[in-house]
Amino acid sequence: MAVRLGPLELKNPIMVASGTFGYGVEYADVMDISAIGAISVKGISLEPRAGNPPPRICETPAGMINAIGLANIGYDAFVQTTLPRLRELGATVVVNLYGTSADEFAELAERFDSQEGIAALEVNISCPNVKAGGIHFGVRPEPAAAVTRAVRERTGLPVIVKLSPEAVNIAEVAKAAREAGADALSLINTIRGMSIDVETRRPRLGSVMGGMSGPAIRPLAVRLVYEVHKAVDVPLIGIGGISCLRDVLEFMMAGATAVQIGTANYTNPRTSLEILSDFEKYCLERGVTPAELVGTVKTN
Amino acid sequence: MARVTQVRYPEQGYALIWFRGDRQLAGNPGQFVMVRGDWGNDPILGRAFSLVESGEEEAILVRVVGVGTRRLAELKPDDPLWVLGPSGHGFALPASDQNPVLVAGGVGIAPLYFLAKKIRETGGRATVLYGARNNRETPLAEEIEEFADLVVTTEDGSAGRRGLVTEPLAEILDDTSVARIVYSCGPEAMLEAVARACVDRQVECQIALESPMACGKGTCKGCAVLAADGRYRYVCSDGPVFESREIYKS
Amino acid sequence: MAVRLGPLELKNPIMVASGTFGYGVEYADVMDISAIGAISVKGISLEPRAGNPPPRICETPAGMINAIGLANIGYDAFVQTTLPRLRELGATVVVNLYGTSADEFAELAERFDSQEGIAALEVNISCPNVKAGGIHFGVRPEPAAAVTRAVRERTGLPVIVKLSPEAVNIAEVAKAAREAGADALSLINTIRGMSIDVETRRPRLGSVMGGMSGPAIRPLAVRLVYEVHKAVDVPLIGIGGISCLRDVLEFMMAGATAVQIGTANYTNPRTSLEILSDFEKYCLERGVTPAELVGTVKTN
Amino acid sequence: MARVTQVRYPEQGYALIWFRGDRQLAGNPGQFVMVRGDWGNDPILGRAFSLVESGEEEAILVRVVGVGTRRLAELKPDDPLWVLGPSGHGFALPASDQNPVLVAGGVGIAPLYFLAKKIRETGGRATVLYGARNNRETPLAEEIEEFADLVVTTEDGSAGRRGLVTEPLAEILDDTSVARIVYSCGPEAMLEAVARACVDRQVECQIALESPMACGKGTCKGCAVLAADGRYRYVCSDGPVFESREIYKS
């Protein structure tokens, strides 16, 4: 079931998405987290972040909106206590990075470069829930390239750049990130939405808007994976509303080499492993390897 | 995956749902479960419910307020139920010299019912103050009288005393002849009033909070509440039970 | 229940959205179509259009994707047979225009200008389902302004410009359209998505991609209405996944003066009238006029 | 809004659903209804089903293939059902000198059951050729024998003749001693084969098509199919029943 994304080899293509599986260690008691293709941990910043004012989540039709604001324990606590535990548990770890400037991203990349037990870095240039940085880097090619280049220069680890559905032209951003040294691209992060409590006339999120995720955004995500796959020669990781084998196949046929499960982890943290088992059966029964599925949608 | 074993409707708009999984949850009063039925993409997230019983039987009390609770209330025996948990920190039981006073607002009775029962099992007896809008919103009132002393208040006087539940609470706390400990669960405004009543009289008070939740497991960081120190607490992992002083400034 | 959108006065703010209610006349036997705030008819082009190859629709979580391709009977048939019937039925008609160039839009506008029984023109610069024109006009301010200006110069009818969620910056497009003479703006049209039948490995739509609509896109639509309302002083018509009173109130609080019901008509063509009746009750009980709700969300 | 009055499961994976609305639909064989239950946003669109009976009783036969049909099959008596229709053009009944041959593939039996019954009521008697994969996919077979001559074919030979339904059809049509008219509903490949068999022998053939639908009322333009003349037809408003020559090039 192994797949290769440039220099990054994964034992299987089913990953879990950043922010939807904590640091992974929280689930060690209910499942074997080492069996997951890779765990993209909650976005890490140089300093701990408290996150946004509540309420931070609300549910919407076939999806949810979140405005967590990248609450995280920060670099130091992560490498001192969490990372060793992840190594112990045998997890394949992708570190999701969050900075407010290209320099901060680069600084994080350099620091993680010297840490053991990290399979790749995922550069989050697409978080809609923070004022500085965040999505702004992901909307246009130039800043996306600048952040990617800064990270690329400071690390020998495989670099994944995570794209935003709010990009003006996602293929151009993808191309720019690729040329600036990204080994793979992951997409999509959330798209901003808003919901109002009509009784109180207040937004249902403390920070007014938040990022939409879940099955509701899947057709959008599949479309963007397809577009980027056609336009740029780079391994892709498909994300957006995946909750079962069918969804995984859909993303792979659209052009993804691997996928990440996000919101579906909330209702069942074992989703990735259950899908993996279905996926293995599928490949066996049909006699295909994962790589043979990639980009096979027939659109002629 | 668990299965629904029984559903009862103690009042219009409430459902008491028993279920059984592969293993016993062995939860404690104040702990909660994330629950979801087999209903596709609408809604997608689980819903948090306090355990009303746990061990040989697992039960939750659901008040119908929206799409998820409506679907839960429609479940029938043998329907599948995904259950995560038990999660969170429950109530700390009273010390032997503390007389427990449980203050429930509406469906906040759920974890306090379980607590009252546990207190009885460990030899004590709780006083339960149960406030509701009217006599159609007091599920479990009859059942709880079997093992606790019950005082009901309703806003319209249709059952028990007319008025707010904080009134009998103040009276009880003003009698300082015995040591008390207060446990409370209910609407936020009530919790704050209960907390204030306790702080004023230097009585220990544990409150169970609610917040929208996605993971129920401390990982999504969605269930933040602002605490008295100006920092955030996570209801699912730091709570749902907190010392009232941790949350409300005095 | 009357509302005013610049020069356009509607008896109530509950409209039906273009493409989701045919030409209106089809429903005359099951309901009183004159009671609807306004009917935005299926997009009309100068010549009849056959539309895209099937399949043209597929369902997605809490929504659907369509690639109808603006199949329509064309200007002549519409004014000769449909419009007279709509007049007879007393319907308030908004004509949704589709052209492949600013000139075509202008030509249509001029022709409709001389027709009786039209309350307003809605300029569809945001259809994702046609190769020429369509969404391209709606993505950037300049072409949006050009089309709007061309239409404005050739008609005395109120002009509504319909915006795309795929605009690079929707507030800028809104501003440009306003300055070019739009009396009101309607938003949102669909956002492009894709779905794959993993058994056949074919896209579930004949033209590969289509426009997402329905409750799934509602949070996105509410957010965009809120953003445009804050940025531009122009009456707005909110569209996207509306299916009940709550949704109408949400859009109005976000900044919409009126709304359009789209996909919800398919399951119940009477949706608009049922919502209208709930809306009247709401206004009566709370003692508010529709206008008093507009933009009242508290985001401080 | 209508209500479900009865649900039967003629085979695993099929549900025969009776319902009753404010008024009788009075639909004809080949006409369809758009149907949806009270299940929120998933799925959102109605689903098209041929009428199996209409008048005093309204019934549809549902084969479970996806999320919508699964939910429909779970309905219980008294559950609400939104029904639009009856819509579309049904089958034109045979002329008095035409012997009707009805060719059903799988759940395509639904409108043909209704048609066979109507033919019987008007004094004729249909021959029904019913093709299925196996003996667990022949709902309504027993019932239809009450008023029609039935020939079953299954691909695995587990019921009736082994093979495809087009084989007995060819035999019947080759006997040119009586005038025939063919009616067919089923998978596209079968319809095309049936149509070809009829064209070859210059026998009139009416087929009922399917297509994904949103409105079921001719307004969304979603249900297009490409016709023999290279132009589009709309299944809901031009069909679902077409002369086979209108659709398939000969």
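For clarity, chains are labelled A, B, C and D in written order, and residue numbers in each chain start from 1.
Everything that follows uses one rule, which is that a residue touches a chain if its C-beta (ideal position, glycine included) is under 8 Å from a C-beta of that chain, and two chains touch if they have at least 3 such contacts.
Model, not experiment: these values are computed from the prediction.
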Relative to subunit A, chain with the most remote C-alpha centre: D
Centroid spacing, where centroids are CA-atom means, of subunit A and subunit B in whole angstrom: 36
Gap in Å, rounded to a whole number, between the CA centres of subunit C and subunit B: 47
Touching two or more other chains - residue numbers and ranges from subunit A: 61-63, 214-216
Of all residues in subunit D, the ones touching two or more other chains: 41-42
Graph class of chain-chain contacts, one of line, ring, star, complete, other: complete
Interfacial residue positions of subunit C with respect to subunit B in the complex: 61-62
Interface residues, subunit D side, partner subunit A - complex: 41-42
Residue numbers on subunit C that touch subunit A, as the complex places them: 60-63, 65, 168, 191-196, 198, 200-203, 208-209, 212, 214-220, 222-223, 226, 241, 246, 249-250, 253-254, 296-299
For the subunit A and subunit B complex, residues of the former touching the latter: 19-23, 26-27, 42, 50-51, 53-59, 61-64, 66, 68, 71, 214-216, 263, 265-269
Residue ranges of subunit B in contact with subunit A within the complex: 34, 36, 41-46, 82, 84, 211-226, 231-232
